[in-house]
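Across the two complexes that follow, chain A remains constant while its partner is chain B and subsequently chain C.
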Partner chain A sequence: MSLFGTNTGFGSGGTGVFGNTTTDSHNPMKDVEVTSPPDDSISCLAFSPPTMPGNFLIGGSWANDVRCWEVQDNGQTVPKAQQMHTGPVLDVCWSDDGSKVFTASCDKTAKMWDLNSNQTIQIAQHEGPIRTIHWIKAPNYSCVMTGSWDKTLKFWDTRSPNPMMSLQMPERCYCADVVYPMAVVATAERGLIVYQLENQPSEFRRIESPLKHQHRCVAIFKDKQSKPTGFALGSIEGRVAIHYINPPNPAKDNFTFKCHRSNGTNTATPQDIYAVNAISFHPVHGTLATVGSDGRFSFWDKDARTKLKTSEQLDQPITACCFNNNGNIFAYASSYDWSKGHEYYNPQKKNYIFLRNAAEELKPRNKKW
Partner chain B sequence: MTVCNFFLQGRCRYGDKCWNEHPRGGRGGDFRGNQQPSRGGYGNRVWINPSQRSGGDYVQQSSFSRDGNNDWSRGGGGGGGGTPRDVKSSDFSFSSQNRFSALASNTPSEKDAQSSTDDVDTIQKDMEVWQTSGQWPFSCYSVLPGKLSGFVEVSPEELRLEYYSGRASGDLQAYMSSVQQLADQWRSRVQELRSMSSSTRISVISELNNPSLQTSTPGSGFGSTASGFGATSSSSSSSSTGFGAAGFGQGSQSSSTFSFAPSKTGFGAASSTQHASGVVSGVLAQSSSGFGCAPAASASSFSFSEPQASSVSVSSFSFRPSPGESSASAVLQSGSSGVFGADTALFSTHTDLTAEELKEFTSKRFTLGQIPLKPPPADLLVL
Partner chain C sequence: MGRKKKKQLKPWCWYCNRDFDDEKILIQHQKAKHFKCHICHKKLYTGPGLAIHCMQVHKETIDGVPNAIPGRIDIELEIYGMEGIPEKDMEERRRVLEQKTQDNQKKKQQDDSDEDDDDEEAGPSFQQPATAVQPQAAYAPMTQPGMTPVPVPGMPPGSYSGMPPMMPGIPPMMPGMPPVMPGMPPGMMQMRGMMPPAHGMPPMMPGMPPGIPPPMGHHPGIPHMAQAPPSSTRPAVPATTVPMPQPSVSKPLFPSAGQVQQAGSGVAVSSSAPTSAAPKPTFPAYTQSSATAAANSSSTVAKPGTPVTSKPATLTTTSATSKLIHPDEDISLEELRAQLPRYQCKVPSAGQAHVTSPPVAPMGGVLPHQQGIPAQQPGVRHPMQGPYGAPPQGVPGYVPGGMPPYGQAPPMVPSYQAAPPRPALGMRPPVMSPGGRY
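Coming up: the complex of A and B.
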């Protein structure tokens, strides 16, 4: 149980200049601010796996860098190291033993970062920006899976410059998730493909998307036996679909829900609809968190089909989120996601990563009679 | 179990599926409520869980405590019940539900899901929501089972990367104008679908019924652009407060500025913008693979420089004019002067056009099926 106290001391309330009680809206939830955040929008966050002691957070950003912080039990964050790409970093992931970090970038390469030696080597090459990167650990093989806007999904053994396998996708890869033995990739034009990873990766099924608009993020969830059983898919239209792969009753079990919209009950004025930028499942409770362009995060219980909590509105969209390996920490990044075009881009605006104690708020809703 | 109040009133939506008790003898009626048809003509109910209220937000219960820590067993269709949760087939509680039904302004017709008329209605309402909600415009759109053409799919990251590349190379003008065109095209397509003229209706219905075909003749799409566009500028939908974006399109009326906000009148009326779209429609009519109207082959790689769809390289999304493969849509490639340079390649001269083409251009509206493939002469453009 980490001791993230409520007393943060970082940017809570107004800054000294204002000096009054109005809360500076960059951190209305008064969460712990990570020190030395990147200089441009944060595209991805990842916590270290349980095989490693302590909590290390990796964040990739549009400033072409990847940073590593150590998160201590008292809530302090210590910047540890940084690596650069030649293009914005779009996705990061850890290896299962926690010794390596894989980073994917718009410069069409992916790199492996050995944290002990602080060295990076390139392990992958695509014809287009690499959008997703995941580590796959199977009983008989291990590899890195990269999904790119060049419409291919490639699997790399880090020791070889050529991919072990390359699968063609119908469209550009927009988001992906891997929980062995299942991988889900959502592509442009509402494409949705499930892969099975046993023996070697192969396409398992193409699914007709339950959503009407562009896919934005996807996250796999597991059943009580910790086997991947379905995924949550978010779109730009403030909607998340929960989809089971082999449900007993698809019509009833699969559903969608609306989120990240304004004007909850007021139906007179048109709603503002925001994109769901990321979805993460709590590793212990199985509840999920969504973050959106409206600058809020929400926690949901998909089994009870209820919302657990919605945050206050931050002044910037929330672009990325993740849980740490035991589910005590929820990290989310507040930075511009380009949802309103270049006019709203302010390079001077500070980007933040916040850490929140997630042990209590994500407990599933109790069942009632 | 608690007795279901709604059932006693004769209006329990869940019928047999209700988790509360329905004492027999008090039966009233509305079994119809149980059939929550899904929207958008997809009777298969993958789209929305049918036992869930259409439009129901996730028990968001904004009228109750925001924390969702509400006693969601109240009201009809009690949410309680100890049914096992892992693969839940339960309904949830909908206490105040009818209040939410209009909330789901994009869940319009709840009637017979099969009728294509309702599909069309769904489309219209969805377009209206899309216009007013400030959501990301560059997305594909579908009403199951078919996908509607005319929409270009671009993710925010791709757009942002283009901006960054442009910024690095020092040439943001190309980015600006491309984004502008995309936005105009989107706006006109949305407006067209929203106002649903009879030709649009026909093409939409055929697309939905024939998902494999996916043809919408560029002509019809863009022929009505002229009227669509004019209508756009007059349909001022209130600008959403969005993300702190109060006065959205006000500042900049120049054609290079791109506004994601729901269209404000000022914006559409900017004369240079109209010029743009006039040119755009002319040009796009010419390259049949156009932007979103590209039939099946397309939509995948998104490149302004490609006229002939498919075979473009995998570096799909490129605003920068790339050499080769261009017919007279060199328009988009006049990198130097941007799209609206007074380039002769942009327009044809009168002598280039045949008599019929000239007739089309001079007439008030294009005739479907006879829309010229060459760009219009500059002097015929109405600014």
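Coming up: the complex of A and C.
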């Protein structure tokens, strides 16, 4: 079954090594399982950019490792390589040419992994764990941006041990996203800062949070001309805010929606509200996917303001997700996110990464623009 | 809209006390929120209708109208839109409204932020496709498509190349942040819809400042922006808002840290600020825990927690109608997890010293450093450097000359022992060749 392309067949590829075609709740959506998943929770996923042929998936985990798989057209996943940090890996990203992978870890360092040589070198140092890492490719410079719990946002030329620039943030970095020339960082205490990256990175605006709870994930979206125009911000309270930077009418254009909550209108039992762990935008359709602690993923059309789909519930939270460069594959990771504290952590429980054909399900509901 | 003929100024929902512009929307709201079957999601027309449906189709009884405030959950009262509302509740509503209009004078601008949250409740929310948002959606596309093409002619994407000469010290501003900022600040503060001149322009378009005038011209009715009294915001400002002859206003609302660099190119007025400007006044429920929140018209919105006010270390995670599945500490899940001893950073082998050793968090103390990273904890895998490629010995392949590699001493352990039940994973080297393309 081809995983990609326009047909919707995404059967159990050829990767049923761990065998179970029965519907136990670890894979209720019957998606393709990636082989050799990490041994601890997966914190981040990233697909290779369009500049290189094929699809390569990078995943960082709490087992201190970063793994690389090749995802073939027939749905097979082939583990390719792995690197280690000395602390849990919290974020990964690719360089624009697909030759390097950048990894950020709790060990306060970030590394650059040259895939051709399979070598890594350290390229960044912070005073606290590095929570986010993004590659910035500007016409007049290129650098790596790291956001840390030490409340700084630093920019690194990979050839120098000292940062090119260091910006102070009001609080610890919790999540960030970059789509040149815009960067958004959400911090602790509901801080939200937009940076503009032209010429050199600088703080553009601090925004009062549209959400009332702790920020957890953020993703920038683009307009029809492929220019970044706003972002989606998720919190721990099962809610996502869609926020435009310069909307014609903020009151009407910006909005929030609830997601990842249990038992809709049943008033008998209290509603369980789960954190939104990650948000990803489809590179072609502009629709978005959210994954949450409830173990479900949902697809949304922010322009039609409708939900496109919600998955069945997995038996573990979904901690990370991403689309591949052409939007045909949606990858999501099923592992424990600590949302119920350490009591619910079972180190023996397997962690999974699933791949799903995303070509059809993410199509916008109707053309509003 | 609120036609006076309606029995109460604007239509409102008896079940949850929410206001609506139009009875049609009110009915849609009721069908989606109060008359929707929780089992099959079928939308009925009335409370009794829903009760009958559940009984006949699902053999289930329901004891109250879903999402209704306490006191208004009577399933037997036949209410449709504004029809069927008991007279005494009508009067009570009238009284409450009158009182609110007085209070509302001063809170008028914060009301706007209500819109935001209201959006996903009152209709324009993310519902199943069938009931997409009408009012909001209808509006947005009008403005946006109208906007974007406009400025483009003047601002070819490549225009940013013209920037550098302009700003030696001033980083190019996002569109709308033209360096000219007249002394409007105080007046502009409340301008909700104020958009920096280039609103509608592809937000990140550099080279804006010179281009400001052209876009300006496209906004009808803008000219007298300058006089629009600050507080009247919305009504006074035409939908397209903002741009006054002189671009923007420095936005004193936000912490000024960022302003410094923008020297002159200021920051756009809010746009987002007002939307959530005063969460506290309009969401009093947030500051209360539980029960009182239920009384608030914003039903489930206000429920969980009070993050705004509880700055200290904990969140309020439980309330009468909802429970936040999150540990009580108001720190991120990752921070909480990283405090555990098992996740403290291990010193890499081979005398690195480069990696900063102290554990991340205060908790847990420092683990004894291990050489060679043995798996001292369950679940920790051996650091596999990649059996795929020949474990690189000398490291620094990448760095051009000079730079001392940051100590990436590849932790040996070439053999992949750590793989418990991993039968024949395609881990075998065949695919990899050292130094070759992976």
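Simple rule for what comes next: the second predicted complex is superposed on the first by the 344 of 369 C-alpha atoms of A that agree within 3 Å, B and C clash if a C-alpha of one lies under 4 Å from a C-alpha of the other, contacts with A are read in each partner's own complex, and residues count from 1 in each chain.
Operating definition for what follows: contacts are C-beta pairs under 8 Å (C-beta built on N, C-alpha and C of every residue); 3 or more make two chains touch, one makes a residue touch a chain.
All values derive from a computational prediction rather than experimental measurement.
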{"item": "Simultaneous placement of chain C and chain B on chain A, clash or fit", "value": "clash"}
{"item": "Which of chain B and chain C A:273 touches, first, second, both or neither", "value": "both"}
{"item": "Which of chain B and chain C A:181 touches, first, second, both or neither", "value": "second"}
{"item": "First, second, both or neither for A:309, with chain B first and chain C second", "value": "first"}
{"item": "First, second, both or neither for A:57, with chain B first and chain C second", "value": "neither"}
{"item": "Touching partner for A:196 - first (chain B), second (chain C), both, neither", "value": "second"}
{"item": "First (chain B), second (chain C), both or neither touched by A:150", "value": "first"}
{"item": "First, second, both or neither for A:252, with chain B first and chain C second", "value": "both"}
{"item": "Of chain B and chain C, the chain that contacts the larger number of chain A residues", "value": "C"}
{"item": "First, second, both or neither for A:322, with chain B first and chain C second", "value": "neither"}
{"item": "Contacts of A:344 with chain B and chain C, given as first, second, both or neither", "value": "first"}
{"item": "Clashing chain C stretch [against chain B; choices 55-63, 163-171 or 289-297]", "value": "289-297"}
{"item": "Shared contact residues on chain A - chain B and chain C", "value": "43, 62, 87-88, 90, 106, 128-129, 131, 149, 170, 172, 174, 188-190, 208-210, 212-214, 216, 223-224, 229, 236-237, 244, 247-259, 261, 263-265, 267, 270-275, 293-294, 300, 303-308, 337-342, 365, 368-369"}
{"item": "Footprint of chain B on chain A - complex, ascending", "value": "43, 62, 87-88, 90, 106, 127-129, 131, 149-151, 170-172, 174, 188-190, 208-210, 212-214, 216, 223-224, 229, 235-238, 244, 247-259, 261-265, 267, 269-275, 293-295, 300, 303-310, 315, 317, 337-345, 364-365, 367-369"}
{"item": "Touching residues (chain side chain B, partner chain A) in the complex", "value": "1, 40, 44-52, 57-63, 66-69, 71-73, 79-82, 85-90, 92, 99-100, 102-105, 126, 129, 132-136, 138-145, 147, 153, 155-161, 163-164, 175, 179, 237-238, 240-245, 257-261, 299-300, 313-317"}
